[in-house]
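As written, the chains take the letters A, B, C and D, and residue 1 is the first residue of each chain.
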């Protein structure tokens, strides 16, 4: 199943851009058992990068303890209305997804 | 059990080396990202995790904060973050002492990104939560207990 | 029950001292819980599902290769604004009182040509398996966000369903003597730390109904009202009522009528 | 003499219970005009392939039926009839000991699972059934996640002592709450064999034992 799009919000106020990202992902821990008692294999986002225009503004590494449908909020100096914020993630199965939003 | 622990420790030192390389600017954040820190995320205890992160035994600092509520209505989603007023913070991480693997997430902060990151984590039970911060190449830490309560009709 | 007894036994001073510390602890817990809920509110994963629902709504699918855009939820074909807030209602074409989910399934069958048993197989999601119905209902519900719930139950069939709903609400059975009213028939109570609305009043029913469908962090999924009510029955240790069964629709008529006038805040997010 | 005192205590407790829980409004509750049809609709709402044992969960005894009919607020005569009938159901452990082990009782009070049936999310077979006391009651002060559907039971034994009469009252109330207060929200744990008489004695000890965390802090 293709991954669902992320929801990215970016707002600039007084020269600081606040970015909030909501990602659709199971974040399966690898410790849960299904109805038949079999372990459900781990399936989770391992890495994420956020870029402002072409510059990396955040790098993240996740473990299985990050909640299902991960949420992330951070702030960086700079950014102007209309600038692009691009967020990409990769999971332990090698699946990736990239979405973008304009700074409001 | 012992064997497994030794393996973790061994790969831990490898990751520490990677950390040093990253700190020295030999590899860029982008490259570091391509190599998820397996040893740190698979370490079980706090001590092993800190070792794998190359953090040794960080000093407690009142300039580092674990942000978020003290009580979680459900352990599956616990809003938690790290903030710090220390200078030149290049990395922050969230560790949960009583989780099967202590390290929940780590963040590399390029210049200009504030030491203020929020996310949501799973907690198996009430536990101390640690915020780890790397400032001017040195590691600092803060902690607070977050209570995970039972809820709803199912107990 | 104790309090009256305590007073006669040990005197009011002890009671006051005990109540004082308990209240202090309780208010600290309440503050932190409020912080917890506030932190979740900004960033509701249900928003992701709403987007998916919007796409499913417009996509040509099924044996008839049709979209759902002509589906009539009571306000006319394709008119979704405020439709959720006015359901369940009586539909002439089926001669039945239907809730949002029965109507949606009806449209998937009649407009798109799906078999009911196929489209309802995944009426709720499980980890790793998403539910199209959940996505669609989240999308349809969001189209009533900010609008008042309005289910007057004036049609004779709706009125009867209201009465059936009320009957089911008070009906006790099972090994714990449960009915809906046990937990939801009084003001100002909570189970563990979760406030319980008095669903027999406008305030209680309104607070409960306005936030559905809702993302449940304990489940990692959006729950529809059918899912909510069927799970209440499970928690009461009853067998599960069937999806789309009349007693579940009837309970919704009862609750929505009681909640009528309350402004929707959907999709919600809760424990 | 002792019996008489006990009866008096029970009555007093039962009366305060009434005052605190559902206050009879004295208003006559009109019978639901569609109750026969509603019962049919309810019964038709289940899959035909449900096991018989599951479907037995929707059967009602007199107390359940009357509580539903009067919306949990029966008139005095009905109330009395229910309470008398329920009193007669109470059974005791074979050895007659009503105070068990508070540590066992503590586990039962905190445990809220067990007994869930159905196709969606049933409990695994043999899951122990808990009393789930914290869902509705405050007990030990250290547990902050307690409900308020029932009264606080914090310091239950400390405030009352643990005379035989109080112990028996606690046992009886847990065994069959409706013997004291018809149509109370509290389940009839013993009547339904949800908890065994022995398990009830453990919960009694959790409430009564001076060493129990209920009576500390």
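Assorted remarks:
By our rule, a residue touches a chain if its C-beta (ideal position, glycine included) is under 8 Å from a C-beta of that chain, and two chains touch if they have at least 3 such contacts.
Because the structure is a prediction, the values reported are computed rather than measured.
Number of steps on the shortest path from chain A to chain D, with steps defined by chain touch: 2.
Contact tally for B-D versus A-B: the pair with more C-beta pairs in contact is A-B.
If you average the CA atoms of chain B and of chain D, the two centres end up 46 Å from each other. Note on chain placement: the centre of chain A and the centre of chain B lie 17 Å apart, centres being C-alpha means.
Here the spacing of chain B and chain C, counted between their Cα centres, is 38 Å.
Measuring from the averaged C-alpha position of chain A to that of chain C gives a distance of 30 Å.
Contact of a single residue of chain A with at least two other chains is seen at positions 67-68, 71, 73. Among the residues of chain C, those touching two or more other chains are numbered 29, 43, 183, 191-193, 217, 220, 235.
Chain contacts: chain D has residues 134-135, 144-145 touching two or more partner chains. Pairs of chains that satisfy the touch definition comprise A-B, A-C, B-C, B-D, C-D.
Contact residues on chain B toward chain C in their complex (touch as defined above): 68-74, 76-77, 79, 120, 149-155. Residue ranges of chain C in contact with chain A, taken from their complex: 42-45, 47-48, 51-52, 127-128, 130, 217, 220. For chain A in complex with chain C, the residues that touch the partner chain are 1, 4-7, 20, 22, 24, 26, 28, 32, 40, 43, 67-69, 71, 73. On the chain A side of its complex with chain B, the touching residues are 16, 27, 29, 31, 46-47, 49, 55-68, 70-78.
The residues of chain D lying in touch with chain B in their complex are 110-113, 130, 132, 134-135, 144-145.
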